[in-house]
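Below: a set of structures, written as structure tokens.
Paired with chain B in one complex and with chain C in the other, chain A is shared by the two complexes that follow.
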Partner chain A sequence: MKRTLAILELVRFVITVGIALLIGYLFLLFSTDEPTEAFKLFLTGPLTTQRRFVEFLNNSVPLMMTGIALSLVFQAKIFNIGAEGQLFFSAFGAMIFALYFPQTPWLHILVVLFGAALFGALWAFVPAFLKTKWKASELVSSLMMNYISYFFVLFLVNNFFRDKTAGALVSYRFPQSAWLSTLTRFRLNSGIFISIALAIAIGLIVYRTKWGYQIRATGANKKFSLYSGIKTSMVGFWVQLLSGAVAGLAGGIELAAMYRRFVWQSLPGYGFDGIIVAILARNNPFLVIPSALFIAYLRIGANIMGRTTGVAPEIVVVLQSLMILLITAEALLERFKQRAITKEAMKNE
Partner chain B sequence: MSDFLNPQFWYSVIRVSTPLLFGVMAAILSSITGTINIGIEGMMLMSAFWGTIIASLAQNPWLGLLAGIASSTMMAVILAYFHLKLKTDLVIGGVALNLLSSGLTVFLLYLITGDKGSSASLKSAVIPRLDIPFLKDLPFVGRVLSGHNVLTYIAIISVFVVHYLVKKTPLGIRMRAVGENPGAAVSVGISVYRMKFLSLILSGIFAGFGGAFLSMGYVSWFARDMTSGRGFIAIAAQALGGSSALFGAFGAILFGIAEASGITLQSLRIPSEITNMLPFILTLIVLVIYARSRVRSHSRIQEQ
Partner chain C sequence: MKAIEAVEITKVYPNGVVANRNVSLSVQEGEVHAIVGENGAGKTTLMKIFFGIEKPTSGEIRVFGRPVHISSPKEAIALGIGMVHQHFMLVPSFSVAENIMLGIEPKKGFFSIDFKKMEEIIGDYAKQLNFDVPIWEKVLDLPVGVKQRIEILKALVRGAKILILDEPSSVLTPQEVDDLFGVLRKLVKNGLTVIFITHKLNEVKQIADRITVMRNAQVVGTYDNRNITEMQIVELMIGRKFEYDIKRERREPGEVVLTVRDLDYFREDGAHVLKDVSFSLRSGEILAIAGLEGNGQKELVEILTGLREKAKGEILLNGEKVLGQHPWHLRKKGIAHIPEDRIEVGCALDLSIAENLISDRYHSQPFSGKVVYRKSQVIDFGKKVLREYNIKAKSPHTMVRMLSGGNMQKVVVAREMTNHAQVIIANQPTHGIDVASSEFIRKKLIEARDNGKAVLLISTDLQEVLQIADRILVLYKGEIVAHLKNEDLNETELGYYMLGVKRQEKIQGSL
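Right after this comes the complex of A and B.
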């Protein structure tokens, strides 16, 4: 029974990706003279050179973390989609700790990453508190927090931490003790190990602990959970804080490993991409690992295609949103699912 | 302070409130049937894009307006179909549509103009302004209320139209019945499916007006992600007013005041990052005030 349903899930995934890619190809037909060449680059680009392959792995790191963050809140049916703002604010936090904490080896980078997680949780605290205390919609408040984070951080970085010798709008450079190391000459972000470990750890929390069970129960049926003694609003509160910390860590790792300064002048978009990563993984933190790799693959494939053929890589955002719509379309394949369930029930009689 | 007594200031309040007024109407029309349209932001963006592109290709702003509204309505149909027929979660579907608009408009913008930032290179066509006879000659009031974009006047009229539609017509009553108690609505023969579909489409139409205003009235070009949160602010303003279009319009104007003050404060050398935050902070505050009052009234009901 479980196997049949898993196969149906897989079929749904394949159909969804198939439809999305088909639509992507149609778009290319209208936008370039060599659609087949462009499409090939899009699909195989990340595998063509070592450098591109590392680029793809690096891209998956923040996506994995924001994917974990969002799958946590989605598990509890909380629509806090503030990961983008949390990530941006915590990148700022990481910068503060990187620039002002004493430069001690090992300890410094740990403080930077921990500080980033703390700032992320702090930013998530606002919608979580407003929701728990006054039942204010976390969807609207977390979105507002994204915009506030963006303007607030830019104000602080551009006015007080700007490196005027750098020639671009960036912060001062982090001291070496605040760097997260990169591996090989293509600069593989070592944060990938942290994010995979984190996915497994959070997965174990969600599926193997009492608190994890409470999160899932709250998401599955809030009233029932409340009546059976789970403090659903407190579960919701803490899950949002944890989610914020994870999204925050993503910001810290990205700066400490890849840029070593605060470099963003616009929102990097990882928080929004995390939504599709979580949905694709069906909010299962373990599945976030392949899901983030998949989305990063598409993203880098599109970038490579864009660099070579001049097609705007934003096309991939269109494909991603189509995938969200199709994957969450519960009624799609519903008939087959019903049939499988009925068949199974008949067999057991 | 004298800036706030200036008719110029209140003129700009009305100007910046226009897209929010349309947005709030879109939010009201969708939420009265219990289907919150998170995709208003994306629908506005889509309409802003197609509006200015078609307007400049045809050199006719009215065709642009029509194209803009058609595109946002199309988005609403997609959302309605996925939510009502294929059972996609409404919030996730809305978020997906917002992503879709953001990506698709940049992709097409680059394809058409070779620029990813804005459509400024195209020869634009804007919807004209209207001087209202007699009114324009009045002191102060004339300078505040006259000389606005045609769409601004349509926005003001539509507040009353929506109010009447929701509160007084049989259709509005049916829609509210579906939102408040779908079971009861079904029992008296109202089709929940059709009412919800209709309310999302109406919502898409109003979002389309709002988007078209942004690119063919507020400014004369399309810029990447130019809606910048107005769709979400509209949803918050609607939460303030519930199903009342008049209260919702009041909310929209409140946000308009915050935005216009931001523009005024910038001339006082306050950094733009700070003034840009104002409408969003106001939204948060309003959200809390609204939620608190609702929690209070709930507990009062429980006490009785």
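Right after this comes the complex of A and C.
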């Protein structure tokens, strides 16, 4: 029965993707003269050249890390969706450590990454503390912290750390000792290895340590966990801090590897996409790896289509979102699954 | 004439549980038809289908001979079906009249409600049945028996010709049950049809004309009450011979383990639910706290187990003050707890059986080292317990959600009996589960007592209390009103104390 359900789940996923693609294609029919060409690029774009393939992998790095961060809190049924703000704030933190810490080789980049994680945890501390101390809804407070992070960091960067010699609103450039290396001539973000390792490590924590048991039990039934003697509010508190640290690391890696200065004037959106990644992975940190790759593939495929065909950039974003929406729609094909369950159940006994 | 019929009804729930499998049943007009079966046999599901709360996966329903599709309670009511749920569906802050006429209030002009007409209508119905209901009082403070009458009136006012009662006696005292049966007889005399779900067989024998037995989602058969004995019904229900063989030998209790002194508690809503409660519990005894639901038992247990804060008084565990400590500490010091609500508190439905069994000891050997959680050890332990406690499940990996009520409760009991605690607080340990599982759990409690554990049994089931307790305290409105040795006691006597009709002037013996 369990295997049947797993197969069914996979079939369901494939069919949903199929339906999403069909609707996406119909959508393109109305927005371009060459729908077939555009659609082909959308589907295969990331695989057409090495450069594009690397672009796709690089895009998956922050998605994977925010996906891990969010799967952690979701696992404990805590709806802290502050990954976006944590990532933004910790990118700022990474910048501080990059610009002001002595330029010792190796040590410097480590400090930058740990600093970023620390800033992320710090930002997650606020909703975690408010929740533990006064039972304030973490959903609301983490969402508000996203806005605070955005405007506060922009204010600081644009007023105090802005590189006036650069032609854009960006910070001073990081010294070389604070760079995270990129590989090949297409600049593959070496953070991809960190994020895959992290997904596995966090997965092991969740499923193979006693703290992981606490997290899963608290998420499965909080009253039950308290009754069993688990200090559930402490679990909730620490899991949010750990999640903040992971999201923070994402911000640090992105700047140290890809931009080497603070470059964002708007929220990059990785924290929000991380929610999708985590949900698609059913909050399983191991499954975050394929899930993040999948979302990144969709994103980059759509971008390539936008760049090379006449499809308007707004339409590209609409198409992307439409696809993700359809694919994550849980209820789709629920009846189909239901019928199979019924059949299976009647067959038994 | 047949009032209501189910023809080949099958119901499969979204999680794959088959609740009804080709169930056929016909209820004659003007009879009291009892449906009996163990918990999880599919009685309630069938009633929910009759009342339009659940849709059958396949099969047909006929009401007064006509095939119908009932897709909501509203449609069921229109067809003349009324239902009194086990947990009452009343608005506590509304008056009795408002509750009865909710949604069908007689109007005066466009907006205002005709309260006089309302009183007339309700008065008419109440008089027919000799009901004495306080029409303008708020439902909030009324006794359960009265609430149930309100539910019955609610159904009648809406024109019910078929009345379904789901476990109507589970919340009532023996005296209130007698009253209820009087009412049901009158209803039938007036031409109504009554369907009555229960697992209390002595009541079935008293009131039913015909009895349908369900087992394992199927109908075993329908029998005339005159041609069947209680014992035969039990055997049909559980599908095998049944021998009631719980034996409790006299034993001298040991040292005092747990002492409660002047425990006083006000709930968040201001209700004074525990008034200077004092007692002590010894090792090697079962002390029962009897009482009707809602007399402070829930709060008492939650305070004793660290789930409720801000009580005044003293709780001593082996001489150490433990009031207000976190469950983590209390469990470490040897308090085990079988909670009243196995679904909300006692289990995590989406964790496996094995992981549910170790929720209080996942952190210690052999299940965990300093860091690593050893899944294989957990599974091995699960396998062992599954065997020892005869829990019916495919494997320890099975999610608890898939288990029937009785097996779920056994998982809870198994966890609390295997943790080497000194004190076992068992709150309604056999509430709403099948006969065989109940018997098993009661035996386990006696076994624990014989091994020198101190058992505090909180129960509203008088049979259970009389069967296994050594001493009995009766809790009424937050006070201990009687302290009795379990010798030559009967249900009626206990019932009087529970209802507050009688109380001991001075609580007898040492508490």
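Note that in this section the second predicted complex is superposed on the first by the 310 of 349 C-alpha atoms of A that agree within 3 Å, B and C clash if a C-alpha of one lies under 4 Å from a C-alpha of the other, contacts with A are read in each partner's own complex, and residues count from 1 in each chain.
Convention: a residue touches a chain if its C-beta (ideal position, glycine included) is under 8 Å from a C-beta of that chain, and two chains touch if they have at least 3 such contacts.
Keep in mind that this is a model prediction, so the values were computed, not measured.
Q: Does chain B (first) or chain C (second) touch A:200, or do both, or does neither?
A: Touch status of A:200: no partner.
Q: Which holds for A:231: it touches chain B only (first), chain C only (second), both, or neither?
A: second
Q: By residue count, which of the two partners contacts chain A more extensively, chain B or chain C?
A: After superposition, B is the partner touching more of chain A.
Q: Touch test for A:208: chain B only (first), chain C only (second), both, or neither?
A: Touch partner of A:208: chain C, not chain B.
Q: Applying the touch criterion given at the start, work out whether A:223 contacts chain B, chain C, both or neither, answering first, second, both or neither.
A: Only chain C; A:223 stays clear of chain B.
Q: Would you check which partner chain A:258 touches, where first means chain B only, second means chain C only, and both and neither mean what they say?
A: Neither: A:258 stays clear of chain B and chain C.
Q: A:318 contacts which: chain B (first), chain C (second), both, neither?
A: First partner only, chain B.
Q: Give me the intersection of chain A's contacts with chain B and its contacts with chain C, in residue numbers.
A: Correct list for chain A: none, the interfaces share no residue.
Q: Quick check on the complex: what are the chain A residues that touch chain B?
A: Per the stated touch rule, the residues are 27, 30-31, 79, 81, 126, 130, 134-137, 139-141, 143-145, 147-148, 151-152, 154-155, 158-159, 272, 275-276, 279, 312, 314-318, 320-322, 324-325, 328-332, 334.
Q: Which positions of chain C touch chain A when the two form their complex?
A: Listed in rising order, the residues are 10, 12, 14-18, 21, 57, 305, 307, 326-328, 330-332, 337, 339, 344-351, 355, 359-360, 362-363, 368, 371-373, 375.
Q: What residues of chain B sit close enough to touch chain A in their complex?
A: So the residues of chain B touching chain A come out as 38, 78, 82, 85-89, 91-93, 95-97, 99-100, 102-104, 106-107, 110-111, 116, 228-229, 232, 235-236, 239, 271, 273-274, 276-277, 280-281, 283-284, 287-288, 290-292, 294-295.
Q: What part of chain A is in contact with chain C in the complex they form?
A: Per the touch definition, chain A meets chain C at residues 1, 207-210, 212-214, 216-217, 220-221, 223-231, 338, 341-342, 344-346, 349.
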